[in-house]
Amino acid sequence: MNNAIFSLQKVSKVFPGVKALDGVDLHLYPGQVTALIGENGAGKSTLVKTMTGIYQPDGGEIIFNGEPVRFHSPHDSHALGITAIHQETVLFDDLTVAENIFLGNYPMTKYFSIDWPTMVARSQEILSSINAHMDPNQILRELSIGQKHMVGIARALSVDAKVVILDEPTAALSHHEIHELYELVNTLKGQGKAIMFITHKFDEIFALADRYTVFRDGCYVGEGFIKDTNEAHLVEMMVARSIEATYPKKDVEIGETLLEVDRLCHTTEFDNISFSLRKGEILGVYGLVGSGRTEVMQALFGTSNHVTGTVTMSGEEVIIRSPKDAIDNGIVYVPEERQKQGVVLELPIYQNISLPQMARLVKRGQVDQEGEMALARQYCERLQVKSSSWNEKVMNLSGGNQQKVVIAKWLATNPKVIILDEPTKGIDIGSKAAVHEFMSELVDSGLSVIMVSSELPEILGMSDRILVMNEGLIVGELSRAEATPEKVVSLATGGTIPC
Amino acid sequence: MDTITKKAATPDFILASKLQALLRWETFLILIVVLVCVMNSYLSPYFLDPWNLSDATFNFTEKALIALPMAMLIIAKEIDISVAAIISLSSTFMGLVAQMGAPIYVVVLVGILIGAGCGLFNGVLVTRFKIPSIVVTIGTMSLFRGVSYILLGDQVVRDYPDGFDFFGQGYVYWVFSFELVLFVFFALVFYWLLHRTTFGRYTYAIGNNPMASYYSGIKVDKHRLILFTLVGVMSGVAAVLLTSRLGSTRPSIAMGWELSIITMVVLGGVSILGGRGTIAGVVLAVILMGLVTFGMGLLNIPGIVMSIIVGVMLISVVSLPVLITMYKTKKAKAL
Amino acid sequence: MLRRFIYSREGVLSIIVLVMFFGVGVINPDFISLSNSVSIFNDTSILIMLVLGQMMVILTRCIDLSVAANVAFTGMVVAMVNQYFPELNMAILILLSLVIGAFLGAINGLFVWLLKVPSIVITLGTMSIYRGATFLLSDGAWVNSHQMSESFIALPRFEMLSMPVLAWMAIAAIIIVFWAMKYSVWGRNFYSAGGNPMAAFYAGVNVGKVQFYAFLVSGTLAGLCGYLWVSRFAVAYVDVANGFELQVVAACVIGGISIVGGVGTVVGCVIGALFIGVVNNALPIIGVSPFWQMAISGLVIIIAVIANASSDKDKARIILRKPSESIDSAQSH
Amino acid sequence: ADQVRVALLVKALGIGFFEAAYRGAEEARKELGDVDIIYTGPTSTTAEGQIEIINSLIAQRVDAIAVSANDADALVPSLKKAQQRGIKVISWDSGVGKEARQIHLNPSSNSLIGEMNVQLAADAIKAKGKTSGTFAILSATPTSTNQNIWIGEMKKSLSKFPNLKLVDTVYGDDLADKSFREATALIKNHPDLDVIVAPTTVGILAAAQAVSDLGLTGKVYVTGLGLPSELAGHVHSGAIHSFAIWNPIDLGYSATMLAYNLVKGKGTKTDIPMGRMGTLHVDENGDGAMAKPFIYDASNVDEFSSVF
């Protein structure tokens, strides 16, 4: 066991009120991929930040090449050849691609100045080595999210790394890009680099990893070789309980048409979007990242300008120019960017829940706080939001519980259509099941659901009907019965349905 | 998460935590206010005299009236540094209509309407063109006062109708001036508006996360527009009072007030980054600043020395809480 | 390349400045003479240097409102030192002004760096404190030209290649800052720290320290300008440069330095300063009524920022491929 | 006996002219013995700042306020209040409306000041060896009252100087940089300009500096109102041929004496003694004027530059 190039021993990290890491161990070996597994909030990302010098551990030792080391800043870890792709995209929108790749590690001329031509040339090399074709002089803001992720990967490869850490790198990548990433990981492995891979997707773990390490609630649970384990075993280690059926789709009677969208067009983002949604139906919308799904949903919710076309609810045309119009018409939207668009982190849970319907919670000209509280209690209990009190700031909740707060907020408005945009993105397997179960309950109680997702199993498992989008257009519609993974992916990547 | 002890989610709990929050910054301010009072009455025999204290309120009531909506605006993550220029423009227009012989109510109405118009103009520029409000109001600050110069030049207007002097110089009862009573009234109104109504809730929500607020169906731009207009209206009201108190109008009126108003708001515990602050805090800060400057005035300390003291106060106010938490976490780590 | 410059924010601005410059030249041809151009540049030099410092501060998402007070304080100190020790070498005096300016800047920077308090509040406070300190230091008295040594007054006026040293200093500052912002890691850090502080932190950039440096540079330049100011106008008093901080910020804003950080160039901020310089010098020449000047400069600022804001709008990403564009991109691959 | 407390309220602290006036007040205090002087003023020259101070002076129940006002009208209500509370109010240097004070002490009569400024311009032209010429005025802010009165008086007295032509009036806002720029623009716009008259201490300094920077010493003369201590250098360099000012020490001294005598009830309605300065004759508006401004040139400026 002592040939590990990079080890952590009894490492702890405390945040005010939270013990994020509690004496954990981890070993990375040259030429091997180690998967780090754990539920949301298990402390995986915190560990990554401790390994790269972003956080300083409160206890324990970090050992590199057999010697104890201390990282005072990300600079120190970088110097030793440890690079990481972090969970959040940590790039600079207003700088060029080349600079994003080399920031913090600029090539210099002998006159102590930054060597821009070399930087551009080397960026070009690295980018083409990972099959990403873009102009290194382009400003990052002009790229798509997927392209940005490729820049992030190029950045990690710009140094001659000995240890490469990937924290949920596939969460925002398309199917196609994910496969390229797999190839890349295998190449790196072949070059003898030690790789750590964090993901919530089990297929990825089994496809890529040689070893695994499992964390639970900031504690080390165990490790081993992938070839000696199976999914059920891993899940049990992660959650200390077993999880039943992953996609608990109930059969619900589907009613008459509720929502009809006719030739929705946008000047730059999408064109000619027409579809309908029936009562009690779950409509899945699949597509590659950047295919315009979110834009369409946001148009339905009234947040984008420059949109033409008609939207009908129960046969009557409705005009939606702002989220308020949408809410008034019974359409609500659980956004993809939860913390930016979904919740007000600094406000307590109950105020988040009541926000969309303050106007209804007024008594004698004043906000009726008791009414607000009652509302919050009712819906948070129904969704089983885990919190010490409804007066807790949303900031202090875990990601999954924040998502539940968003859903609770919308359910409290008694909507007819609920749009869920990537409802389980970055959510661990336990919470995921809860969200899926809840979706089933929603349709059971008479709601209709539009679910945008990039996860094929989720789309196939939960939808009654599937729309596939590509480059701003709807390229296909499949019923639950006809949908197969191959058909959906082929449509999404611009092909036709293979017969 | 287990470290947080479970508490029952009842309304009493809201109340308790509300009280707790109130008991921090505001208590601190109250303590200082009392301290300053004691010190002042010890240092100067003239301090504890109702008429003197009443006179002292004239030094800040107009600024304080603007500080109230400004606090809301800053809580909503915006700022308006053109307020003093708005006073100038609205006073100028009052002067012009007064010269034409308009009756009192028209003069007052014109003052308030011009203020509202200026605020609306700021709001439209901010929301329509998506320009940061500090940038917009640096521009309109010159524009509004510049228009006053164009209109009035080196003239002075002093023919205000009889009785107009009541607003800035009159007393409602005993030592309670009209200005003071009006300030108390508006402090209550803004307290109610910010802490009791949906409008106030929206203000906090927008200040903390404008995007999520928009996605929750709040008309964010409209809200901002209203807030800017509100600041404009109150600047108009302040212009009425100030013009009446001075009995005359010149374009250079209220020069440099924007900074003292913002100072009051920040001193009152409103976060300049938005999302946090209370009306009670602002009112206390206003009183504190009034007492401190009045006390120092009684000791004939030069104004520029007072401004050093206010500067030090301002910096301490934002630094102290940070230092305290730093100290606390250090202690917590040591344990 | 040229086309790209013309369409950029800096391009649009320089065209506006040039149009203004030659427009005034139509009314008064002397205005565009070489000697007058030099004198406008010379007159704008102090503003340019302060704007360069302010640009760094604004790039890191901060603001420095204390620069003008810094100018007044440092100017007063060097003037008084010169008054009492007229034999002291000018090099030492200039060094002194740099050190004092840097010290005042460092105070701002330390608060922002170590306590993470909003810079607008800190510098609002130090603005009053520095100016108040100037009053306490001088006891309200002025230092007048005949109390200053000859070399103290002569230095910024000394002409090299028919341009005063003051203007050369501004040019040197522009070149140094330009080089630093483009070719030094230290300079690039201002962009990353302001553009995305979190990402900068992950990339090993100490954001607080970068902000500290920004205030340090801004303060140092303000200190130098303190000497230059009292020397150029041959008088030091408490109200020196009163309210000048707003002109400095306005020049940054006009020059396209984004107040939310991370965006802005040296070229832009020099043009922004020249814009104000040309307006200031042109208005008296073309005989605009003094009562109109303030409104005009306000209007100009508003128009400039609206123009800046709308030039940003087109940069949205595009999903839909128009037929022509897809050919374009196909060819480029 | 009880001390008489006189407040000397100036436009702003940190202005050489008023510091000198304070020295005069101190002189009066020493002479009288039973006077306390409160020398005070706002941070910048604003009416609001002065009103705040007036409020605190009322609260302290001073016996008299002698004010040099930033605004002739805006101070009226609060000074009236002071009078109602039994405080004697006089204005000096820069006056306030007559309902708000008992006496206004003009440093000199306005018409005299206006005429003297034109006379100075004429002298400067003579010094150039010309018999006729042009001049321009560099004022403070467009809204400063006494500047505007003096400019008005200057224009009136032009009829007595047929050889002089006023070509322009500009405003430097009492800011060194703006005044400097305006002076430069004046010289550029009027290539044949002979004299710049700046009846303001900031303006005259900046204009003199601009002239010497442009290398026009001897070609364009600067004159106006300023303090010997501030202008000595420029007189020697030749940018200024001569300038005028009344004696601020005497002014402060007289203002204090007047205030004291009003409190003590000395003097009559029309004639009030002011110590070594003799007696002030007050007209029906309550205005009184001191002597003619004194003219300084290379021959006497050094004698006074150490005094004020």
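Order of writing sets the chain letters: A, B, C and D. Residues in each chain are counted from 1.
By our rule, a contact is a pair of C-beta atoms (placed from the backbone, for glycine too) under 8 Å apart; a residue touches a chain by one contact, two chains touch by 3 or more.
The structure presented is a predicted model; accordingly, all values stated were derived computationally and were not measured.
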Centroid-based (C-alpha) most distant chain relative to subunit A: D
Approximate Å spacing (C-alpha centroids) for the pair subunit B, subunit C: 31
Gap in Å, rounded to a whole number, between the CA centres of subunit B and subunit A: 43
Where subunit A and subunit D are represented by their mean Cα positions, the distance between them in whole Å: 73
CA centroid of subunit C to CA centroid of subunit D, Å: 36
Residues of subunit B touching at least two other chains: 149, 153-154, 302, 304, 307
Shared-contact residues (touching 2 or more other chains) in subunit C: 135, 238, 290-291
For subunit A, residues contacting two or more additional chains: none
Interchain contacts, given as pairs of chains that touch: A-B, A-C, B-C, B-D, C-D
Subunit D - residues contacting subunit B, complex: 13-14, 38, 40-44, 46-49, 51-53, 55-56, 58-61, 71-74, 76-77, 81, 141-143, 148
Residues of subunit B defined as touching subunit D within the complex: 44, 46-47, 49, 52, 55-56, 58-59, 149, 153-154, 156, 158, 165, 168-169, 242, 245-248, 250-257, 293-294, 297-298, 300, 302-304, 307
Touching residues (chain side subunit C, partner subunit B) in the complex: 111, 115-118, 120-122, 124-129, 131-133, 135-136, 238, 246, 249-250, 253, 259-260, 290-299, 301-302, 305-306, 309-310
Complex contact set, residues of subunit B against subunit A: 1, 3-11, 13-14, 17, 192, 196-198, 200-202, 204-205, 208-209, 211-219, 275-276, 329, 332-333
Sites on subunit C touched by subunit A in the complex: 179, 182-185, 188, 191-192, 195-196, 198-206, 262-263, 315-321, 333
